[in-house]
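Can you keep this structure in mind? I'll have questions shortly.
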C-alpha cells in the first residue's frame, strides 16, 4: 500500500486544460437581427396563408381580393375597427395567459373558458347585487370578484392535481362543461333577464361598468388595465424568483425540487394564476362590453388563447403581440363575411391556414438560423 | 492484423452545424478483438459509434464489415449487420420488464406471443450464464439498480446476435468485482469470435482487457496501438499529450483519474494523525426509498470540518436515498441532521441550501439541470433567492450572466455562450455546470454522488483539486461513488455501504480495495474503523 | 333496464369509437386533439356521401378516409416537420370544423326540405337477441356497434398480447429506445394516427347515420373534447376506455332521465352530473390513469432534448 | 362594403343578422327567404349568419358603418344590442324581435313580436285530443321566458280542450343539438308521452329520428317554423308555420312611408299559421282548427305568462 508524494498543483492552480476546441462565446444576430428574424417569417407566412386561402375562396366563387383585404385591413381602417379589435384582444390575451402561466410549470390548462365564465358570473353577481354602489367601490369589487371566481374554479383543478394527482387536462376540460351548466342556471334561474331572449343575467349596475374612452363606440378602459398587466407579467416572469421558479419547474421538476423549489405547490399556483387571468377576462367583458353575464360570451377564446400561448413559446413578452395579431385576424375574418359574403366557415379555414403557415415559418427560421 | 478486419471505418466525417465532430476518422477492429476507444470529453468517441450504429448519419466516409462495404442508415441496418451498442445513457422502456426490453423490436420465434416469450426467456437465461450476466427476466427495469440495467443493455445486444459489440463508458457504474466480471464476459465473447469496442476514460481498464486501442482527440484519431507495444505512462502521454503542453510525469491525481495508479493510492497527506473539529452530525437517520421501503435505517455519522468521507458501494444500496437525505431533498422518517450547530432536518430544502449544503446528484440529466434553459439560469438555480443574485426584489440577470461567463472560463465548460441550452451540452460539460453551481455555493457540507463519472482526466483532476480547496476552507465533504479508486484516493475515511448500512469503515491509507469490494457486496463481517 | 341500456348503447358507440381512435395514436406518442373537428367533418362527409351515394356504408368509409387524411397531415407535420402536436392539432380542428360546414353548404345548400338518409338498420343476432334484459339492446344493433366491440377487443389483443403491440407501445414510452432497437418510430406514429383519426371521423359519421339522419351544424356539441377526457379517464387502455365510455354514456342518459321524471332540482344541475361524477371517479383513478411517457412529444433522433 | 355596390342608390340597403347558418332549413332559412323577398322588391340585401350574441353589437356597427339603411336582427336574443345601437345611430332604421312589448323602444326601431304563445295554444288542444295516454311532452331548447310562455299556453289549450292530459316539459339545453333532441325524445316516448310538442330549431330533426320505428298513428310530433312533415309523414302532426317575409315587407313599407317605429305582432294571418298533417284524425284536426278560429275571432284570449315552469 503506497503513498506517493503530492506534486505541486499544476501552474494556473485549479484550471483544467481548456476543453478541446472550446468555441469562443459568440451570439447570433443582435437585437435588430432578432427582430428581423422574428418579423419577416411571420409576415411571409401570413402572406402565404392568404395566397392559399385566396385560391380556396376564389375556387368557391367569391372575390378573394375583397375577402383578404377585409381580413388584413379592416382593423386599421376605422376607429371602430381598432376599438373592436382591442376589445377582442383583451379576452384573447388573458386566456393566453390562462394557458401560458400554468404551461410555464409544465401544466396544461384547457379550462380557460370555464374560468372566464365563472369570472363573468362572479363579476355579474357583485355588479347586480350591489348595483347601486358608487363606481369607486363597485367596479373594483366586480373585477376582483371575477378574478377570485376564476382562480377558485381553476383551484378545483389545482387541488385535484396536487392532492389526488388528477390529470389537469381532464379536470379542466370537464370543468368547462360544468361551468356551462352553472352559468345557464345563473342566467335562467338566478338573475334571468326576461326580455333578453337568450340566457343572460339582468344588467349590472352603472357603477360596475368600465369607463369608456373617446366618443361612441368607446374603448373600454379594461384595455389599459390589461396592457399594464401584460407588462407586469412579462417583468414578473423574467425577473422575480417566483417567475424563475415557475419556468424552472416547467423545464425540469426534479432538478427544481433538488434545488429547493416547492414544485407541486408552484404547479398548483400556476393553474390558479391562470384561472385568475381568465376570470379577469370574464369580469372585464361584463364590466366593459356586455354589461351582464351572457351565455356564449366565452366565444372561441379558449382555443385562441391556447394557440397564442403556444405560438409565443413561453415568452411573456411576445404573447401580447401575438394575441394582437390573432385579434386583428378574428375581427378581419368577421368583416370578410360581410364584405365578400364569404360563408362563415371560411373564416375558420383561413385561420387554420394562417396558423399552420406561422408554424412552418418559424420552422423555416430555425433551419435558416441553424445554417447561418 | 493480417486477415481482413471484422470492421473498417474509413475517413468518417460528421459535422453538427458549425461543429466538426468527426474529422476523417478511421478505425479498424479485428475479429476476436477487444478494441479500446479512448479520449477526452467531446473527443468524438460516442459520435463515431453513433454513426456506426446508424443513429447519426455521417457526412462522408465508408464502413466495411468483413471487407464488404455497407451502408448503415438506421439502427435496424446496424442490428441486421450484427452491430450492437450499449449506450452511455440506457435506452430502456422503464415500465417494461427485463425480458420485454430485451425482445423489443425482434420478431419472436414460435407462433404465439407467450410462446415466443418463453423461447426468449430460455435464450436470455442461456446468454446470462454463458457470459455471467445474471438478471431477473421478469423484473421491471425502472426498479433495477444501475449496475443491473447495465447488464440488461448488454444482454439486449447479445440477444440480437451482435458480432460487433460497442460499449460506451460501461464501467462507470460497476464495482471492481463487476468490472472484472464484465471484462471476463468480454473475453469470453471475443473468444467465441465476437469483436468488442470499449469506450472508456480509464487506462488501467483498457490495459486490462483490450488487445488494441485507438486514442481520439478533438474529433480526430491520434493513434492506434497494440496492447503489447504500450503501457500506462505511454498511453497517458498520448491522451493528455498535446492538450496541455509537453507531457510531464502524471501527478498522483492524474494517475488515479487515468486509472494508472496502483490500487489503493491515496491523494495528499495520509489521514494518519489528522484531527477534525466536529462539522456535520447525522444521528439515527431513517429514510425510505421510492417504493416506501425503509432502506436506510438508523444511520449515524460524524463528518469533521475539512474531512472527506467516502462511501463505496454497489448502486442501489441506499446511496441515492442517503445522498438526498443529506441534501435535505428526501424527508427523514426519523433522526436528525445538523450542520455546525444548526439542526436542518425537518426544514424545507431551500433552507438547507441557505445553510450551505451543496449537492451534486448522480443523475445529472434528471436531477441536475434545466435542459431547455441556458447555462446562466442553471448556475443560479438554487441560489436564485439568495442575496448574491438579487438586486431589490428582482434577479440581476446581467450579474448572473457575468458570473456564468466566469464559471464557463474557470471550469472550461464547452459552450457557445452562457445562453447555450444545458441540454445541448455533453454529459461531462453538464457535470461541469453542476459542479460550478455547487462550488459557487461556498458550501459547508458538500455531497458529491459520482462526481467524476464520465469526466476526462483534466476535469477529474480539477474536481479533486476543488474538493481539496473546499476542505481547506473547512467544508465537510461526503463523496458517494461507485468508482472505488476514486473513493479511496480522495477520502480520509472510507465506508462500505451495503443495504443502506455501514458494512465496514477504514482509514483510507489502510484500505484493501478487494476487502472493500467484498464488504460492499455483503460478504465478510463488518469491522470497525481501524485505530 | 332494457330501455336504459337501449338508450345508453348508441352514445357508448360514439364515445368508445372516438376514444379508441384517440388512444391508438396516443400509445405511439401522438396526442391528437382534432376530435371535435374531425368528428364534425366525419358527420358532414358521412351524411352527404350517404345521401348522394344512397349507401350508408359508403358514407362511413369515405368519412374514415377523410379522417385518415387529416391524421396523415397531423403526423406529417409533427413527425417530419416536427411542428408542435398541440398547435397543429388545434389548427386542424379549426380547418376540419370549417370544412364540415362548407362541404354541406356546397353540396346541399339552402333548402327547406333537408336531405334525410335512412339511418343504419339493426342486425338481429338470432338466439342471443332473445336473452331477457340485455338481449335486445346488446344483440339487436347496427353493424357499427358490433364493429366497435370487435375493434376494442382487437386493440386490447394487439397492444397487450402481441410482440408487435409491445414494440408499438414502446414508441410512446421511449421512442429513442425503440429507435435504437430498429423500431420505426415514424411509421408507428403515422399509421396509428391515420387509422385512429379515421376512427374518430367514423364516430362523427355515426351521429347522422344513427341519431339524426342528417348533418346539422355544431352537432358534435363539445363531445369531441369529452373524448380526450375519456382517453385520460381510461388511462389510454382499450378496455378501460370501453368501461369509461359506458360510464360517460350512462351518466348522460341518467341525467336526461332524471329531468324527464322531473326531480325538484333545476335541470342544469342534473346535466352536470356526468362531468362531476367523472371528476370524482378520477380522484380514485390515479392507480390506472397513467399516460404514455412521451405523449405529445415529438421525436428527433439527433437531438438530446426530445429523447 | 362589397355587396353594397350592387344596390342602386334610391333603394334601401337591408341587412339581416342571423343566429345560425342559413342552411338550417329552419329559423335562419326563413330569415334568408324574407331578405330574398325584400330583394325582389328592389332593395339590395346582405346578411351575416351564425352570429353569436356576444358579437352582435360589433356586427350591427359594422353594417351601420358600411352604410346600410335598414338592419334587421333575427331573434329576440339580439333585441337589447339592437336597441342600444339604434339609440347611437338615429338616422339608421332597425328591426328587432321581441317577445311582448319592450320599454323605451327607440324612435328608429321596429319590433316584431313573434307571439309564440298565441300560436302554440291550438297545439295544446290538438295534443290533448291526439294523446291516448293522456301524457304530452314539450321538448324545448333553452329554458327561456318565451319557452315558458309556450308551455303555459299549451297548458291552457289542454285545459280548454276538456280532455285530461298533463304536460311534461323538458329542455335539451340547446335548440340545435340534434343528438340531445333524439335522446330526450326517446326518453319522453319511453315515459309514455305519445305526443311531443317540439320547440327547437335544428334539433327537431333528431326528435323525428327518435319517432322512427314506433307505431304510426300512435305517437305524434309537432314542429315549429317550417313544415317538416317530409321527415316522417306518419308521425308528423302539425307545424306552427312562420313566414318572416310578411312582417319584414310590411315594416319596410312603413319605413318607406316614414313610420320608423312600432310593433308588428305576428299571429294567424300575420305571418304565423298552424298547418295540420293529413294523417291526423279528423276530430282532433277539427278541434285544433276550431281553436285557431276562436283565437282569431278573439273568442279565446291566450294569456301571456312567462313565469318560470318548475
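Should a chain be cited, it is by its letter among A, B, C and D, assigned in written order, with residues numbered from 1 in that chain.
Here is the rule we go by: a residue touches a chain if its C-beta (ideal position, glycine included) is under 8 Å from a C-beta of that chain, and two chains touch if they have at least 3 such contacts.
Values in this document were obtained by computation on a predicted structure and should not be read as measured data.
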Moving only from a chain to one it touches, give the least number of moves from chain B to chain D. 2
Contact-pair count is greater, between C-D and B-C, for C-D
Whole-Å gap separating chain B and chain C, where each centre is the average of the chain's CA atoms: 46
Distance between the CA centroids of chain C and chain D (whole Å) is 35
Between chain A and chain D, the Cα-mean centres are separated in Å by 39
So what's the Cα centroid distance for chain A and chain B, whole Å? 43
Expected list for chain B, residues touching two or more other chains, is 371-372
Touching two or more other chains - residue numbers and ranges from chain A: 181, 184, 188-189, 343-344
Shared-contact residues (touching 2 or more other chains) in chain D: 21, 50, 143, 173
Tell me, which parts of chain C touch chain B in their complex? 161-163, 166-167, 170, 173-174, 176-184, 293, 301-302, 304-305
Give the list of chain C residues in touch with chain D in this complex. 3, 6-7, 11, 101, 104-105, 108-114, 116, 119, 207, 211-214, 216-219, 221, 223, 252-253, 256-257, 259-262, 264, 267-268, 271
Over in the complex, which chain D residues touch chain A? Could you list them? 1-3, 21, 46, 48-50, 52-55, 57-59, 61-63, 65-66, 75-80, 88, 97-100, 102, 142-146, 173, 306, 308
Footprint of chain C on chain A - complex, ascending: 60, 110, 160, 164-167, 169-171, 173-178, 181-182, 184-185, 188-189, 303, 306-307, 310-311, 343-349, 351-353, 355-356, 359-360, 363
Inside the complex, what are the residues of chain A that reach chain D? 63, 66, 78, 80, 84, 87, 181, 184, 188-189, 192, 194-200, 216-217, 285, 289-290, 294-297, 299, 331, 334-335, 337-341, 343-344
